[in-house]
Each structure stands twice: as C-alpha cells, then as structure tokens.
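A short write-up of the structure that comes next.
A, B, C and D are the chain letters, set down in written order, and residue numbers restart from 1 in every chain.
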Amino acid sequence: MSIQVKIFASLRERLGSDGMELPVDGIATVADVWARVAPDQPLAGSVLMAVNMDYAQADQPVVDGDEVAFFPPVTGGTA
Amino acid sequence: MSIQVKIFASLRERLGSDGMELPVDGIATVADVWARVAPDQPLAGSVLMAVNMDYAQADQPVVDGDEVAFFPPVTGGTA
Amino acid sequence: MTVRITAEPFDPYAELAGYTPRGEANRIGAAATFIGFMRDLNEGDDITTMELEHYPGMTEKALEKLRDEAVKRWELADALIVHRVGKLSPTDPIVLVAAWSGHRVAALEACRFLIEELKTRAPFWKKEQLGDRERWVEHNTPG
Amino acid sequence: MTVRITAEPFDPYAELAGYTPRGEANRIGAAATFIGFMRDLNEGDDITTMELEHYPGMTEKALEKLRDEAVKRWELADALIVHRVGKLSPTDPIVLVAAWSGHRVAALEACRFLIEELKTRAPFWKKEQLGDRERWVEHNTPG
C-alpha cells in the first residue's frame, strides 16, 4: 500500500514534480512524507500541507492510503 | 411673493394637507413656517425639515421663493 | 454615476448587467452590490403590499450627494443607486446599490455605507398594508 | 447552497439572475454580493494574462466548508460561491460570492467574510504573465 503525494503551483515548479506515490514504510507523519519528497530541503514555514484535502500540520499522523499535499500560500479571490 | 410648503407621508395625513403657498410676510425662519402650517401644534423633535431640498433646522432663515418641507423620519431602503 | 428612482418594478441583475461602470475597465478589481427586497413580514405581522412615497427632487438630490460622498471617500471608479417607489408586492426589489473599485475593501465598505446612509438620509416613507388595515413604518430596523 | 469552479468565463449577473436562493422568497430581505475582476495591473506591472491553478477536490471542499460556516453563523437563507480557474484575461470575472438573508447586516457581513476567508483558505494560486516573462503571485494584497 502507499501514500499519494500532490504538489502544487510554485512549489511544484521548484521541486520539479507534481507528486508521486510513496511506499508507506517508515512514514508516520506529514514531515516524514516531506523528507522523502525533498530530502535535501528543510520544511519551510511557508509550505502549506493537507492530508486528505484538509489543512494539516507537519506532525499530523499519516496512514496507508492517505493523500498528502504540499503547496505555497494561496492567492485566490481578487485584488 | 411667497413660500412654497410641502408636507409628506404620515405628517401629511395627520395635518390633512400636502402643502400650501404662504405669503412671506412675517416669516423669517422654518419655525415661523411651521407656526402657520400647524398653529395649534408645537414643532416636535421627530419632524424633519428641509429648505430648498436640503435638510434644515428650525432656526434656519427662510426667504421669498424658498420651498420648505416637513416630514416624518425616513424609512427607505430595506429590512 | 447613476441615481434612478422608478415607479416600475426593476430587475437588479439586468440593471447591473446593462450598466457600464465609469473608469478604465482594466483597472476595476471589485464590485460590491446590495439588493433589498420586500418581505411579507414586518415586526411580526403579515404584510400584503407596501407603498413607498418619496419627495420628488429632494430624494434624487439626497441620493446624488450620498453617491458623490462615497465615490470621493473610497476613490471609487463608480457607484449606482436604484430605488423603487409606488406600490410594491412581497419579493419585489426595493433598492439596489453598487460600488466599483480597484480593490475589494473600498468596494465593500462603500457599498455598506451607501445602504446604511440611504436608510437614514434619503426621503422615502413606507406605508404597509396588512389585510384591511394599513400603517406607516415609523422607523427603520437597526439591522 | 452552490459552490462552483469553472474553467470557462462566467457572467456574474447571469449567474445571479439564474440562481434561485433556498428558503422562502417572501422572507428574504437582503442580498449582498461581491465580484472580483482581473486587472491588467499588479504591484505596478502590466499583466497580460493570468493562470489560476487549484487543487481539484480540496478547493471544492474548502469552499463548501466556508459557505457552511457563513450560513450557520449569520443564519443565511443561502450562499453562493463561483470561482474561475485556468487562463484569464483582464476584465474577466474571477470570483462571485453572494449571501441572502432576512436582514441587511447579516447579508453584508457574511458576504465580506466569504471573500476575505476565501482568499486565505481556498487552495487557488495565481501565475501572472507580463509580456514574455511570468511570475507566481506570492501573497494576497491586504485590501
């Protein structure tokens, strides 16, 4: 089984990936997912995270089958 | 010459008149106009006044040719 | 920069769709609008119809002043006020105000200012019909 | 109680005209709406086009949550959110929010809440094209 990872917007361009499927082995939290996605980069405070389409923090537990997303600050709406 | 008087809404119904033309003689202020319109009634604080379509106070001077209006609190717009 | 008083029913969305705000369209980032409708209930009583009286001439003057104040204070691109008079039925639109601006906060605040000030400054008076009796609305609701 | 994300241009007034708010129409006294448009200027630079990215699934979920919060907090009759995604040109409507209520203050406050919260909570990202270069919008303007 696995974790589905999604990456959006400027973060996707910076990391050069829009996501991946990761084996769940050794992954307990959102921070663990980030360590696999970008092993050479600390998880910056400006990166937003979601688990199963709800906002989450880095220490939130992740289990088999979860969808984990990383993205920059949102800029919808209008001027 | 003369003063044109207009009366609106519930005040019109209460006074039984929608206005009149008054000779200017002896009229110096809005209060003087009211005294001719309703000689038996004090000018209540709830009565709004206008001179030439701008809100006015009771002591505002009135001159020949002016339009003076009396009306109750306004209730336009919505719930 | 329009102020319109109408004795005929009006469609607020058609009104807005047919209106071209002043200023450069490319620089308008926000439009805030408010529409008031006649309800069939006021102060706990069933209302069948309503009559809206105004002071022709002064009402227009008061609304234009209000609009000019809002446009100046919030540096709006444009503002619009449409107000119904005469005999109304429940669900009829009573009033439409709209504010166009470069930025959202100006449009939102100006829109709210327009409807709040209109209620206290523009000479309109409501008379409600309740079955076979009628009454003047004595004061506006606080909110 | 609609939330809609569209990759096609939309007409906010047609959207509103074609929408029947929930609840008894006779009891709706107020509708407050906000429309955001794309401007050809941002942070002093000329913008030619813009691309709006979203997170399919989560964006809808976030908007529905926001709408439900507003409806509950202000006891609204109904609320509507429409948001554009994809490639936009200046003057294109980006977002429409609307709140229907018995009374004006609830509608006005809920409308403002919806647009302010949407900007901070809904996963949308803007990329601006400036002639031959492009840039991601890093943060929203304060007002």
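Brief remarks follow.
FYI, contacts are C-beta pairs under 8 Å (C-beta built on N, C-alpha and C of every residue); 3 or more make two chains touch, one makes a residue touch a chain.
Quantities reported herein were computed from a predicted structural model and do not represent experimental measurements.
Here the chain-to-chain distance from subunit B to subunit D, counted in touching steps, is 1.
Subunit C and subunit D have CA centres that are 23 Å apart. Distance from the subunit A centre to the subunit B centre is 71 Å, each centre being the mean of its Cα atoms. Residue positions 29-30, 36-37, 39, 102-104, 115, 141 of subunit C are each in touch with at least two other chains.
In subunit B, the residues touching two or more other chains are 77-79.
Taken as a contact graph, with one node per protein chain and an edge wherever two chains touch, the assembly fits none of the named shapes, being neither a line, a ring, a star nor a complete graph. The chain pairs satisfying the stated touch condition come to A-C, A-D, B-C, B-D, C-D. The part of subunit D that touches subunit C in the complex is made up of residues 11, 13-14, 16-17, 25-41, 90-91, 102-108, 111-112, 115, 141, 143. Within the complex formed with subunit D, the residues of subunit B that make contact are 77-79. Of all the residues in subunit C, the ones that touch subunit B in their complex are 36-37, 39, 42, 52-55, 57-58, 61-62, 83, 94-95, 115, 118-127, 136-141. The part of subunit D that touches subunit B in the complex is made up of residues 29-30, 102-104. In the complex of the two chains, the subunit A residues touching subunit D come out as 6, 8-10, 13, 48, 50, 53-55, 69, 71-79.
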